[in-house]
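Read from first to last, the chains carry the letters A, B, C, D and E; within each, the first residue is number 1.
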C-alpha cells in the first residue's frame, strides 16, 4: 500500500481516531526496564506503565504493544506500524528531525557492565579510551555517540543488553555501555559481572543528557501536546504520581527531570 | 524519493569494512563447510552403526532447521556449557556447520557416482582402504562435486548477512547500523546492489566451471 | 612349481536371496595351468572369479589359495572367518582383469601400473616403473605410458589393465570376458597379448570367455558349467571335439 | 521454560505466523515460479529476456537483504508494506526465482516426441502446455519443490528480524524478558524440524498422487532420513542452480 | 472423393546443415490411395512425413494438402510463410502414428482418444466418447478403455495410437514404421488393424514400412526412395516383382 498521507487536519487528528477505536499501538524495544515483554507475555516497563496511565486519561483504554528492534522504532513509527514509541528513547537533535518527542519522563546517567570487581577500574568513557580497552554497546544505543566522541573506535555493536552481559562475562569485551538502569537490570543475579557507578557523559565539556521520552510522528502535533499535558500533570507535586508509576522498575528521584523536549532537541 | 550520493559517500568506508567481514566469513565458512562436509560424508558411510546413525541424525537435523535460529543457539546458548565465541567467529562456525550438511550430500552423491568397478579394481590390486579412498575414489569424486560445491558457496554468500543478527557487522550489518544512525536508506540499497554484483559473476563462473568439468 | 594344487573350491555354495548360484561346488586348479570356464549365461562363472577375488563371500564351504584358506583362518585348530589382514595377504596371490577394464581414470597409464606395487608390495618407485615399462612393452603400449586411460581405445585400455594385474606378480590371473566389451576389430590385439603371456610365463590363468578358439588355443583344461555345477571338464580337444553331455554339445553349437 | 501466558500470547501465535508466512510465500513463489518459468521459454525474445533478468537478480539476491530493503528502504520510495508482507514478498520473490528453474527444467525434460504428438493432433501451444507438458512435468517438479519448500520454511525465520512476530521472534522476546535461552532455542529448532518433517510427508503424498496420475508407481524409499532429506537432484534442479538456495 | 490430388510436393528441398536430405523432390498422392514409401535407412522417408505433419519446415519448395499450401499462405497474390492459424487449419487434414506410439501417459486410453476431438475440433464430450468407443472396437481394445498407456503392451499402445489419430477424422494418415518398435509377436495384430482400416475406410494412407508383405497387400502405389529422391514408383506388383533399377533390386533382396 501507499505510505499514508501525513494527516489532513493541521496538527493531526490521530488522537480522535484512537479515542474512537479505543486502543493505541505502542512501539517497544524489548529493553528492560524501559519497555519489554514480561514473562507473562504482557508489555511492561517504565514507558508502557506511563503510557497506560496517560492514555487512559486521554480516553484510550487499551494498549497494544508492538515489540520491535530498537533500530526499527523510528522507521516503524513513520511507517504507522504503531502510533507512538514507548521505549524510553533518548531525545537528541538528530532524532528530533525525524520524530516529535514528548517532554522527557526520565533523565538518566550512563553506566557500564564490567567483570566482577571491575578489574580495569572503569568509570567513564575516557578510562576506556585511555587504557585501550574494548567497549561494546547495543544496536542504535545513544551511548555509542558519547563513546565515539571521546575517541573510542571499534565499538562492538551487540543486539541487546543480554548479549552485552554475556560478552562481558565471557571476556569478549571489557565493558558494555548502557543506561544506568539497563545495566543494573542486566547484571541482576549475575555472579560474573557487575554494574559501575552511574556517570554523566560529556561531549566537548558539555553534558549529554540521557533523557528519554515518547516519540510521535512529525504530523501528530496535537496528539503530542495532549500527551505532554498529561505528563506534566504526573510531574506535579514533586513528581509524586510519576515516581509511583516508575518506582517498580528501579527509577527514583534522581532520575526525574524538568528538562523539555525543546531544550534537548536544541542540543 | 530523494537519492543522496553524499550519504552513499559517507557510507563507503563502513561498506568496505562490511565487505571485509562478509568475505572473511565466506572464506573461512567455506573451508569449514568443505572439510566438515567430507567428514560427515565419510562418517555416513561408516560400517559402524553408532557412527553412522548419529551423524545422519545430526546432519539431517541441522539441514532441516533455520540457520538463523542455529546462529542464535550458538551465540546465546552454547556459551552456557561450551565455548563462547565472538560474534564473527560464531557466525563463521554457524555458516560452516550449516553448509557442511549440504556439502556432505554433495560429497555423498559424488562418491556414489564413482563406478563400483573402481572399488573392485582397487580390491583386486589389494590397495588398502585408506589408499583406495585417497588415490582412487576421492580424486574421481572431486570432479563431480566441484560445481555443486560452487553453487553452495554462492548460497552461503547470500546467507552471510544473517550473522549481522548476532552482531557481526557484515555488509548488511554495517548498512543497517548506518541507516539507524542517519535515518537514511541509501546504504541498504547499495548493499542490495552489491549482492547482485558479486553473486551474478560468481554464478557465471560456476556455470562455466560446470561446463568444463562435466563433459 | 607346476603341478601342485593352487586353487581349491571345497563344497562352495553361494546364494543371492533364494537363487542358488553355486551349488556345493568342488574343483581345483593346479599351479601353472590355464583353465577356461565356459557355460551359458547365468551359470555362475563370474561368481566363481568374484569369490576368488574376495569381491563376494561364499555362504558355505571353503576356498584355498596356495594352501591358505581365503576367507577363513585357522585359529587354535578351528576355522574362523578371516580378518582383513589375512585376506589381504592371501589376495596378493591373485590378480584380476575385468570386462569393463576399470582402469583408474585419474591416473596416467604409468601410475595405474605402479600405484599398487609401490603402496601394497612396498616396491621402490624406480623398480615399479622399470617393471611397468617392461609390461607395457609386453602389451605393446610403450608409447602410451604418459596418457590418461580415457585417451586410449578400449582395446588399449584392456591391455593396460592386463599389465596392471601382472604388475602385482600374482600367482593366478583371473580373466572375466575381457574382450566382450570391445569392438570386434580390437579383440584380436588383446587375445594376442594373452596368448603371449600364456606362452611365456608360468602364471596360472582362470579364464571366462566366449572366444572358443582362444580357449582351445591356450587351455590346459576346460570346465563346462551349468546351473552352478561343473557339468564336465577335460582337455579342450575332448570338450570341444567330443563332449560327453548333450547340454555341452548344445551350448557349443550355439556359440561356435 | 515459559509461562503459559507467554506461551498463549506470543509463542502459539508465533507458530501460526510462521505457518502463515510459509503458506503465503509459497503461494506467491509458486505463481512466480510458473510465471517466470514459462516466460523464460517464451517465443518472444523480450519476454525471455525480462524473465531472465528477473531470475538472475533474485537468484543473486540475499533474501534477508531484500527483506530489509523492502522493510526500510521501500517506504522511502513511497511504498509501505506491512512487515509480514514485506517478509512474504521477499521470500516469495526469491524462492519463486529458484522455483522457476525447477519449472523450466521439468518442462524441458518432457520428451520432444510428446510435444510432436501434440502437434500431430493439432493442439495449440497453450493446449499442449496445459494438457500434455504440464501434467507430465508436474511429478518431476514435486521433489525439488519439496526441497525448496523446506528451504522456504527455514527462510521464514528471517522475518523475525524485521519484527514479524513469528516463532523465532517469540523466542527472542523471551530471551530478552527472562534471559532464559537454552530451552527456548532448543524448542524452536525442534519445532522447525517437525514442520519440515510434516512438509516432506505431505509432499510425498502429492508426489504419489502426481505419479499415479500418469500411471506410474512411485519408487519406494525407506527410512526416516530418506523422507526428510533434501537429497538428490535438488536443488540442483538445473544442475543445482536452485540448489544454491539456502 | 477418390482420384483428386490430395498431397503435392513441389520442388521440396530439406537440408540439415550441409546434409541435403530431400533434393528438389516432386511427388503427389491422390485422394483415397494407399501409398507406401520404401528405401534404405537415411533416405529421407521419415523426413517427408515430418514435413507433411509440420514437425519440420522445408528449406525450399512448397507442399500442398487438399489444395491449400501447408506452410505458406497466399496474400495479395504472393506466397508468404503461413501463420499459426493457417497451418492449424490445413493440419486438420492430417493424422500421424509414430514409431514410438507417443501416447500421453498422463491420460487414460479413453481420454487419449477424446481430448483432441473435444478441445481442437470442438466436438461434444459425448460424441467424442462415442466415437472413441467405436474406434477402440475397431482396434480391438474395448476392455482397456480405462487403463493408462503404461499398463498396456506395446502392440496395444500402438493400436490405441492408431485409433487416436483416426479420432480426428483426418483425410490423410501418416504411418512411420509403426511396427518396428514392437516385439515380433505383436506386429501381426497391429498390421491386421491397419489392413482393416485400409479396406473399410476411404482414408488416404502414406506409409513408411519395412514389412514388405504388408506393403504389397495394401498399397495402391509404392515409392522407392534413395538419397532424398524418388528412384522409381509404381504398383506393388511392379516394384516388388520387376523393379527397373538395380538399386531397388538390391534393396529388396536385402530386406525380403
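Brief remarks on what is shown
Basically, contacts are C-beta pairs under 8 Å (C-beta built on N, C-alpha and C of every residue); 3 or more make two chains touch, one makes a residue touch a chain.
Chain labels with UniProt names: B = Ectoine/hydroxyectoine ABC transporter permease subunit EhuD; C, E = Ectoine/hydroxyectoine ABC transporter ATP-binding protein EhuA; D = Ectoine/hydroxyectoine ABC transporter permease subunit EhuC.
Note that the coordinates shown come from a computational prediction; the quantities given were computed from them, not determined experimentally.
Using the contact threshold fixed earlier, the set of chains in contact with both chain C and chain E is empty. For the pair chain A and chain E, chains touching both partners: D.
When chain centres are defined as mean Cα coordinates, C lies farthest from chain D. Just count the C-beta contacts per chain pair and the biggest one is B-D. Using the mean of the Cα atoms as each chain's centre, the chain most removed from chain B is E.
Spacing of chain A relative to chain B, judged by their CA centroids, is 38 angstrom. Per-chain CA centroids place chain D at a distance of 45 Å from chain E.
Chain C and chain D, compared by their mean Cα positions, are separated by 54 Å.
As a whole-number value, the distance joining the C-alpha centres of chain B and chain E reads 56 Å.
Multi-chain contact residues of chain A, defined as those touching 2 or more other chains: 75, 162. Residue numbers of chain E whose C-beta contacts span two or more other chains: none are found. Contact with two or more other chains is made by residues 72, 78, 161, 172, 175 of chain D. Touching chain pairs in this entry, ordered by label, are A-B, A-D, B-C, B-D, D-E.
Every residue of chain E that touches chain D in the complex is listed here, in rising order: 53-55, 84, 88, 91-92, 94-96, 98, 100, 102-107, 115-116, 119-120, 147-151, 164-165, 168. Against chain A, in their complex, chain B makes its touches with residues 75-76, 79, 84, 86-87, 165-167, 169, 173, 176-177, 180-183. Against chain A, the residues of chain D that register as touching in their complex are 2-3, 5-10, 71-72, 75, 78-83, 161-163, 165, 169, 172-179. Partner chain C is touched in their complex by these residues of chain B: 115, 117-118, 120-121, 123-128, 131, 135-136, 139-140.
Interface residues of chain A facing chain D in the complex, by the touch rule stated above, are 1-4, 30-32, 36-42, 66-69, 72, 75-76, 78-81, 160, 162, 165.
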